[in-house]
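Chain naming follows the written order as A, B, C, D, E and F, and within any one chain the residues start at number 1.
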């Protein structure tokens, strides 16, 4: 089977793409679709504000349009799912957003979803998105770890903050499942889960798993 | 008072801008803010698909950034409110979207809001937006008139279809207030209201009225 | 233009009416509608309980009925919007409630609305109202400052408590916009906004701005 | 046991009170509370508009205040539950509204509640109330029979219209339980249920049954 | 009147059944239905997990089937309402669940319902149930007292923990009415209400009162 | 890789199991998990009523308990997800229900989900489930094809009815994605999609795809 799913990191940080790529190892099968991770060179260096989201969309649309015939499907690897609805107009092939896939996967792992954001500025946007998905009543809360890009490179510190925030979501908000609200953090998933004691969703892994299923089933838009 | 509110038509059709401009006459006051309507020359020729929405956002962001210091406030005159959250990051001055303002105004005029869309392709996007606003339970339904750009130029035909669709929203869905889900149709508002017998909201007029209030009160983002 | 909007304070405290009147200065235009504030002499001396609300309604209905032909529109200046639906049956002219207008305005300034109440006894009533409006999912929380009428006269103390409660709504409940859930406090608005760092809505100003727009557009009930 | 529950018909039509009284026969027990039906002589002659609702509240409040010490509890026998929250401030004894009790009882008899209203003018008010109760997602729809007071006296015609509307709620809206949205119609309940084939709630009977339970358990407000 | 309502404790603890039985005294009337409490000998010894719920259902179905002809109605006396929908298919006679009846009764006694659970493991199941009922927006929160079966036998300790949890629900979550989320605790109800200062619902008493009303009205499924 | 996912048909009809098995072909990979379909011999012959659901749960729990150590994961192949929460207590390994997975997958393929049920009796149960999932606002409607087990064997007739019902959901209810609300119908999926012109979800395929992802990622409950 020669099919290919392109997993597009819509920011320009190659290190994030590498982290995403590494996280997909368990999903790769000899006779499954190729999982090819791309960095959006023209994208912003990190996506926190709504302006960052908007800046990512035009190059993302170009990338999907250019590769639509070669692809079996796409994954947009940013938790805000930039341009998702527009990309689905560009191609009838599966286009999976990690925000949507991550949140819906969480709904199957617990009743009250807590989301760990990187910065507080993204939270109102995420909340609007949960409203658009119609799942607001399942959200226990979303809290930021409050670390900048440079600080995120320190994995141990990032993990410590995620554990703190995860425990607060669990204890003060009643979360019984957590979603890490950004891409490239899969390596922390199992340790975070162990420390907080509730299931943790890495949205990239969830989304790519969904995309593989969609591609294998050949479910296109009507 | 020399303040100016820029009302930006994010599509490139100057005729639509002219219709919007004419509709603002009752809101102009000698000592109120100037209401200046702009056509987004780089915008798409009509906004129906999500791709149209995305195409409007970059030039819209540039326009707002360029005029931010000269402006007292902005109105985005497309019912899908392209880029609204991003524009609000560009300037702390009031930025009002006609979709948001039109729908919230409707909530004060009836209990069950019916929306008249131009084409069916826009409806899922609008429904996502109502979900993001958290007002889905107030929506009686949204139905399209199904006319293309050329046909919309025929005002009488457009009005007839709006009356048909408005009556269906009233009778089969229980709507007791209607919103015209696009810009540039204010001239039809009162005749539509008379024919259907429920209040009708023109979202541009609603939005500009809100913007004037915000500007006069000098309510900026915190 | 000789049109008049009557802004009715449904409690009998003239000092509150004076505070409301002062807050409308930025909304007055030479060729805009006259903004005339009235005290409901027969109203209760403050509206906290549901009985207070009910006590205000009959004189309010009489006042609106008596002035309906002279008026271009009305604003009910109590956050519980006493009698709003009944008043809208008395006249097809715009009748704006500060509770409804204040809350809907807040929806455009943030994603999670925090409300500062005067006394806790009003909160269940307000929550029922947000439910009736269909906007409960947008409410971060509502908390009281717990000051009686006499204490409210101490502006500095009132402001201090509002800042405390506003910060709690922001930090513990995630509010990113605040509404002051009573009339006559506009003078504290900008200082409160500065201290808490999120937009603050004065519902009277929001409502009168809406009413002016409605009157200028001549949007009556169908 | 000498306790008394007063069932107050808030309109001035004695015939309605008599119909309510007759409907309570199955709920009367020798050693249960007395069920005493009252006509609100000062009430409006029928409650359809919001003004009718408001007109009923002051005399209702007086009646409850006067009888509070003699009563074990009260039932407000109008589907719009006029003044319910205020009456509950007057006395800590059980005050049951037939709208609230009827709707909540329906939630236990089916998944999708259809409501049969008398006139369309009441429907927006009822919908606001369902929103305030937080049960809007359980409502299949509400439709009016469209008969005036004189026509309602024709029981056969009223029943025919209720059956028509009930079937429409069942077939076009998916209702699997019906509520008769007014007082005094209990005599039609079982025939309507038989004809439509889904459970039918008479809200007066539901409310009085609830009130008896509350009184026997001696559950007062805290 | 020889009618009988069977109140079935679906766990095998006879002491719980005895507590339920004692709590029904105020609801017994000489000419009312007999209230007969049964212990489900084949049921699990306490219902905390979903497996406990499932274990109770087959014997519960058998019990209701066996007694359906002799009964006038049934009450399922476990807050998770095991098998409620299936039991309602077995007999058209009233089958009342204490979870459903307790929660709906609470909606009439306050605006924000707090629930006191025994163990945390039950809470996600309860939250799913509130969602199925469509009342999630009325729930302030649910917190566990965290006592095992042995510890529950210590009434004073149980009451102390309930008061602590009830105060937390009131102060940190805004609850203005409480439901005790299990059967057999009615004896603590009034003391808990006094200590917390908001109305407290014992769900068994609420459910049996409802069942009596349904039986006396002879309201069967259609 | 020797892992195995057991896909359990909880009714006793081997033909349904065979249809499910055939539908999984596109999801099988040489180095992916084995997909083994089982018929629940002790299950009911078809699951329509709530009693059918309850009858399936005990043997389903036994089957999962017996195979838990040999399995990598389970799929419950009945749209009502019998016993799902209890099964998840039996094993920390992934247990996927086709109802939950099918509905959540649909949320990614359209905004307004229409569900095609077999018989009307199942619909209230499904609606309760959507409420428990917190996704009611995304449901356009659910309608039955009304065919019994014998009639379902006639594939052409079944397809015809599904197309009729699918078009009604699309045209009268606004559905832009459809879910076939039962197992064993995957063979009709693409023809139904073509005929109605909106994406169609086969819930078994969606669920097994999810389970494969979960198993490959080794995401267990915490």
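Going forward, contacts are C-beta pairs under 8 Å (C-beta built on N, C-alpha and C of every residue); 3 or more make two chains touch, one makes a residue touch a chain.
These figures come from a predicted structure and were not determined experimentally.
S.K.: If you take the chains that touch subunit B and keep only those that also touch subunit D, what is left?
M.R.: C, F
S.K.: Using the stated contact rule, I'd like to know whether A-B or D-F comes out ahead in C-beta pair count.
M.R.: Comparing A-B with D-F, the pair joined by more C-beta contacts is A-B.
S.K.: Would you mind pulling out the distance in Å between where the CA atoms of subunit A average out and where those of subunit C do?
M.R.: For subunit A versus subunit C, the centre distance works out to 42 Å.
S.K.: Just how far, in Å, is the C-alpha centre of subunit E from the one of subunit D?
M.R.: 26
S.K.: Once you find the CA centre of subunit C and the CA centre of subunit F, what distance in Å lies between them?
M.R.: Once rounded, the distance between the two centres reads 51 Å.
S.K.: Scan subunit C for residues touching two or more other chains and write them down.
M.R.: Within subunit C, the residues that touch at least two other chains are 124, 128, 131, 133-134, 136-137.
S.K.: Just spell out which pairs of chains touch, all of them.
M.R.: A-B, A-C, A-E, A-F, B-C, B-D, B-F, C-D, C-E, D-E, D-F, E-F
S.K.: Can you name the residues of subunit C that touch subunit D in the complex?
M.R.: 49-51, 53-54, 57-58, 61, 83, 85-86, 88-90, 124-125, 128-129, 131-134, 136
S.K.: Please name which positions on subunit B make contact with subunit F in the complex.
M.R.: Subunit B residues touching subunit F: 123-124, 127-128, 131, 136-137, 141-142.
S.K.: Would you mind writing out the residues of subunit F in touch with subunit B in their complex?
M.R.: Listed in rising order, the residues of subunit F that touch subunit B are 110-112, 137, 174, 176.
S.K.: With touch defined as at the start, can you tell me which subunit E residues reach subunit D in the complex?
M.R.: Residues of subunit E touching subunit D: 26-27, 29-32, 96, 100-101, 104-105, 107-109, 133-138, 193-194, 196-201, 205-206, 209-210, 212-214, 216-222.
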